[in-house]
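In the two complexes that follow, subunit A is the common piece, with subunit B as its partner first and subunit C second.
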Partner chain A sequence: MLFTSYEFIGFAMLLLIAYYCCPKKYQWVLLLMFSCAFYYIAGPVYLIYIFITIITTYFAACMIEKNADRQSEYLKIHKAEMSKEEKKSYKLHEKHIRAGWKIGCIVINIGILAVVKYADFLIDNANSILTSFGYTGKLSFASLALPLGISFYTLQAIGYLIDVYRGTVRAERNLFKFALFISFFPQLIQGPISRFDSLSKTLYSGHTFDIKTVSYGLQRVLWGFFKKVVIADRILAGVQTIIGDIQTYNGAYAFVGMIFYTIELYADFTGGIDITIGIAQSLGITVQENFIRPYFSKSLKEYWRRWHISMCNWFRDYIFYPVSSSRLIQKVSKFSRKKFSAAIGKHLPIYISSFVVWFATGIWHGASWNFIVWGLANWFVLMVSEELEPVYLRFHNRFHLNTNFLYRLYLIGRTVMLVCCLNMFDCYSSVSDTLTAFGSMFTASNWHIIWDGALLNIGLTMADYCILLAGIILLIAVSAAGRSGGVRDKISMKPYPVRLCIWFGLFLIVIIMGAYGVGYDASQFIYNRF
Partner chain B sequence: MEELLRILSDLHPDVDFETQENLIDDMILDSFDIVTLISEISESFDVTISAEHIIPENFNSAKAMYELIQKLEDEE
Partner chain C sequence: MKQKRKVLIKIILTTAVVFGILFLLQRLLMPKYVNDVVEGAFIAEYYQEENKDFDVIFVGDCEVYENFSPVKLWQEYGINSYIRGSAEQYIWQSYYILEDTLRYSMPDAVIFNIQSLQFNESQSEAYNRMTLEGMKWSSSKVNAILASMKEDENFLDYVFPILRYHSRWSELTFDDVKYMFSSKKVTHNGYYMRVDVKPAENVPAGRPLTDYSFGDKAWKYLKMMTELCEENGITLVLIKAPSLYPYWYDQWDEQVKDYAEENNLMYINFLELIDEIGIDYKTDTYDAGLHMNLSGAEKLSVYLGRILSEEIGIPDRRGDEELSAIWEQNIEDYEAEKERQYKYYGIQAE
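Our next item is the complex of A and B:
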């Protein structure tokens, strides 16, 4: 059941009515039932996978917390009779027990993800190696179906477990409440990857019907639908035509495809997240924001602080920091300081841990080389920018350009183009196709297609272009207006007839200008496949 | 404290670390800065800062960082 399907709209409406008719004490139970139903409809077998994640994480977190509580109790009682060394040794011993639970649970859950998501990728690579050594036999593919949302809920469960291990959150002792945290259906398909301390504040508490909260939530859902069906699904036809035939659609077509794909990805993913946050908000539940106007960023580093924030924060807190602060990396850093220079020793932990993070980010997005190369290309650009930072600083100080509007506009444009280029690895689904298409842009002699009407033959009509242009202008305008406060707050202060015109107008636009009709497949939110 | 302030001002000469109390929340220090700080602190104070210590409360001000260093020195 997909967000833009009639079934889903009916499902969400039914929940909304039942939720506010239900006693507040049992609202979270109703949410759990609807979440299980949502997952069951997606595929009954998938329930087994999510059930294993829920049980193992719940149990491991409870055991970790029990151990930590027992340690505190023991130290409190025996504080006077223990020496500093004895205390240290006792703490270390108990910490190893807790680490055992943590690692065991992570191995099980990452193991499940690895088998269902990466088995065929590994088999494919093994076959290539065997062939290169002259073996004719081939390993057969496992062809396992990828359970809905497994990449997202696995990270969410591991994040929770590590937070309990670090003592930053208390373990949830009610299994069913914990099950709801993992399976909460609006965020199951494409995130955000919520933190327990943030989501649990509103997930389990009862909510009274509040017209403002519900209408704000539904307005956000409508805005998400606008992005998805009016922009993303409309431009999709053009993207598919261009990437489907790289020999015909090369050069300037590749450039157009690159820009179109970035627009599609933005509208599709942020639209999906708007629907998620909007549904949760209409139920009185706060789900964290996942984007802060990413295409207003002035550097790639800033872009990654504003795009898919929950995923970036997850990789930062649970991979980047642990790797960079590990004893091994710190030893390497100290060694480099002595053998080479202080600067190298200082930067080495950043280079190594960023490499690990971007490799993991790449492979998390998909089991293929194009995602790995996409991740490592991001890493490379970020590291080069980091090294050039002092040069930029000297340049800015010399020419005082940082406050110049045109220069800032140039920086934003440069970042957008950089992200567009990097997104090509994701768009073409093959490293060689990406490089071919990218290279063709620099040798192209077909730039005339941009004005001679050829772009009307890639599955988009003049009406499509007009709708897309108007839609993108609206997107940029709303995004820019959001810089000085909530857009819905601003609209809510307008007179009633104006508000009615805005929201009813948007509703009509979604109904009339959405990309529906024969051949339309509402199913494919890009981030579903990750 | 002077040593810590020296490390911090090497990192961002333009920031007044004696008065700033929201270094993480206001995004004055980013993740790369934190990693650089961990290496520098480890080198200068001979303490080990692990991932579980990397939370905003421990890095929001020079004072909070110094308290963390003292706590780790006591433990080690």
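Our next item is the complex of A and C:
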């Protein structure tokens, strides 16, 4: 069930009505029922996968917490009679038990993800290796269907488990409430990857119908639809034409395709998240923001603090920190300090941990080499930027550029172009295609296509370009307006007829200028694939 | 109290404005079928008839609405008839359109052209639209939509056509504004007139098929149509119009003959009666044998009219003053259109 399908709209509307008709005490039960129904509609078999994740994570978290509580209790009782060494040894023993639960649960869940998502990728690589060694036989592909949202809910479950292990959140003792945390359907499709302490605050509590909350939520949903069906799905035709034939569409076409893909990805992903957050908000549930005007960033580092925030935070908290503080990395750091220099010893743990994080980010996005290379390319640029930071700082201070508007604009433009280039790796289906297309931008001499009307032959008409241009200007304007406070708050201060014109006008734009229905290819949200 | 009334007025006004604008936009964006592709207007025209008490109803695809002239049937035999046909009208659509027609009047005879038996599923969304959108909302229309929808179609798009036609905003013409609320008549009791001539030459032979059996769905609706007519005491006549193409296979003909015999139905294959009717494919078709032109349609109507009045006993209603007045106007429109087309195509009127 796609966010933009009539079925989903009907499903969400039905939930909204039922939710506020339901006694507050049971609203979360209703949400769980709808989430299960949503998952069942997506594919009854997929329920097995999510059930396994729910059950294993629930029990592992409970066992970890039980053990931690028992440990505290035991130490409290036997405080006087135990020596320091005994306490230490007891704590270590108990910690190993908890770690066992944690690792066991992670292995099961990552194992499921690895099998369903990466089996064919591994088989494909194994076949390539076998062929290079002269073997003619080939391993057959597993061709397993990817359960809806598995990449998102697996990370969410693991995040929760580690938080319980670290003692930063208490384990949820009600299995069904925990099941709702994992399966809450608006975020199943493309995230965000919620934290238990943040989502649970509003997920389980009852909510009374509040016109402002509901209308704000629906306004956010409408804005998401605008991004998705008016911009992303419209520009999709052009992107598909260009990336579908790299021999014909090279040089300037590749450049146009690169820009179009970045626009599509932004409108598609942020539009989907707007719909998720909007639905949750209309139910009185707060889902964390996943984007803060990413294309206003002045560096790639800043961009990654503003783009897909929940994913970046997850990788930071559950991979970067544990890896960088691991004994092995500390040893490497110590060794480097001794053998090379203090600076290298200081930076090496960051480089290695970042490498692991970006490798994981890349492969999480998709089971193919282009995603891995995309992740590592991001890592490389970030590390180079990190190293050059002192140089930039000196340069900025020398010429007082940080306060210069045009220079800041240049920095934003540079970041946008950098992101566009990096996005090419996940736009084209292989690394070699990406490099061919990227290289052609510098060798082909077909830049005249930008103004000679050739761009009208890539599946987009003049009317499409006009809509896209107007839509992108509106996106930028709304983003800019959002810097000084919520746009919906500002609109809500206007007189009623103005508000009606704005929201009904946006509704009409979505209805009339949206690229949907018969005649358009129903396109899935890009992040559904992950 | 005053505050409550204010809120209520606000809600009513907002609802009126929102739905009013949506309705206007929907009317504006829907295709008007007044020029070029006019086939989409046929089904809806029926409802404009002031007197729907027809004795004969034709149902079927282009092989009925281009090959038979109700005006000629009236002029020659006083048969009061109407054609409820549209482009590539599938048999399940014909069934539900007949069911819909019976809500307004009970004819003595129903003429069904069996060409559409070859289809077991809808072939094109565009043809579905042209047939179904013209129907007035009723359980028949709902069932017709459900029976016709292709995989990529959605029922909601039929309920709110703006969701289907929203993308027409960039191709709107003055006609879309002019015919927003009214439409010009394009048929003569369902007959779509063409007077031009394109002789039938080199008609392609039918390519052999792997399976000549009609599909289950097609049979199901033919049986339903037979039962519906039986229940209502209507004589069902199956016909195959003398269109040379799409090819009508002997194997298909055999199946229809057998069915008609089993169910005591009259079946007329006009392809076997071409000489008797006097059809000349050099002069009586406007598109090389696919459809009759006015000359061919009138010859065919004269032939069928005799069967209807002599063999089935359809009454001569020329004595009915009210009907005569209506038909007088119909004939006037018919003659005017004939003249207009003769002039347009540069043809000397007979």
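In the analysis below, the second predicted complex is superposed on the first by the 524 of 530 C-alpha atoms of A that agree within 3 Å, B and C clash if a C-alpha of one lies under 4 Å from a C-alpha of the other, contacts with A are read in each partner's own complex, and residues count from 1 in each chain.
Definition applied: a contact is a pair of C-beta atoms (placed from the backbone, for glycine too) under 8 Å apart; a residue touches a chain by one contact, two chains touch by 3 or more.
Note that the structure is a prediction, hence the values are computed from the model and not measured.
Asker: Under the stated touch criterion, name the partner, subunit B or subunit C, that contacts more residues in subunit A.
Answerer: In the superposed model, B touches more residues of subunit A.
Asker: Is A:Tyr6 contacted by the first partner subunit B, the second partner subunit C, both or neither?
Answerer: It touches subunit C, and subunit B stays clear.
Asker: Can A:Gly149 be said to touch subunit B (first), subunit C (second), both, or neither?
Answerer: So A:Gly149 meets neither subunit B nor subunit C here.
Asker: With the two complexes superposed on chain A, say which partner A:Gly217 touches: subunit B (first), subunit C (second), both, or neither.
Answerer: neither
Asker: Let me test your reading of the model: by the given contact rule, A:Gly272 touches which partner, first (subunit B), second (subunit C), both or neither?
Answerer: neither
Asker: Should A:Leu500 be classified as contacting the first partner (subunit B), the second (subunit C), both, or neither?
Answerer: Once the two structures are laid over each other on A, A:Leu500 reaches subunit C alone.
Asker: Which holds for A:Ala463: it touches subunit B only (first), subunit C only (second), both, or neither?
Answerer: It touches subunit C, and subunit B stays clear.
Asker: With the two complexes superposed on chain A, say which partner A:Gln330 touches: subunit B (first), subunit C (second), both, or neither.
Answerer: In the superposition, A:Gln330 touches subunit B alone.
Asker: Would you pull the subunit C residues touching subunit A in the complex into a rising list?
Answerer: 10, 14, 17-18, 21-22, 25, 29, 125, 152-154, 156-157, 162-164, 166-167, 169-170
Asker: Under the stated contact criterion, what part of subunit A meets subunit C in this complex?
Answerer: For this pair, the touching residues of subunit A are 6, 461, 463, 496, 500, 504, 508, 511-515, 517-520.
Asker: Quick check on the complex: what are the subunit A residues that touch subunit B?
Answerer: Listed in rising order, the residues of subunit A that touch subunit B are 88, 165-168, 301, 305, 316-317, 320-322, 324-325, 327, 330, 333-334, 337, 345-347, 349-350, 353, 386.
Asker: Inside the complex, what are the residues of subunit B that reach subunit A?
Answerer: Residues 27, 30-32, 34-36, 38-40, 42-43, 48-52, 54-55, 75 of subunit B touch subunit A in their complex.
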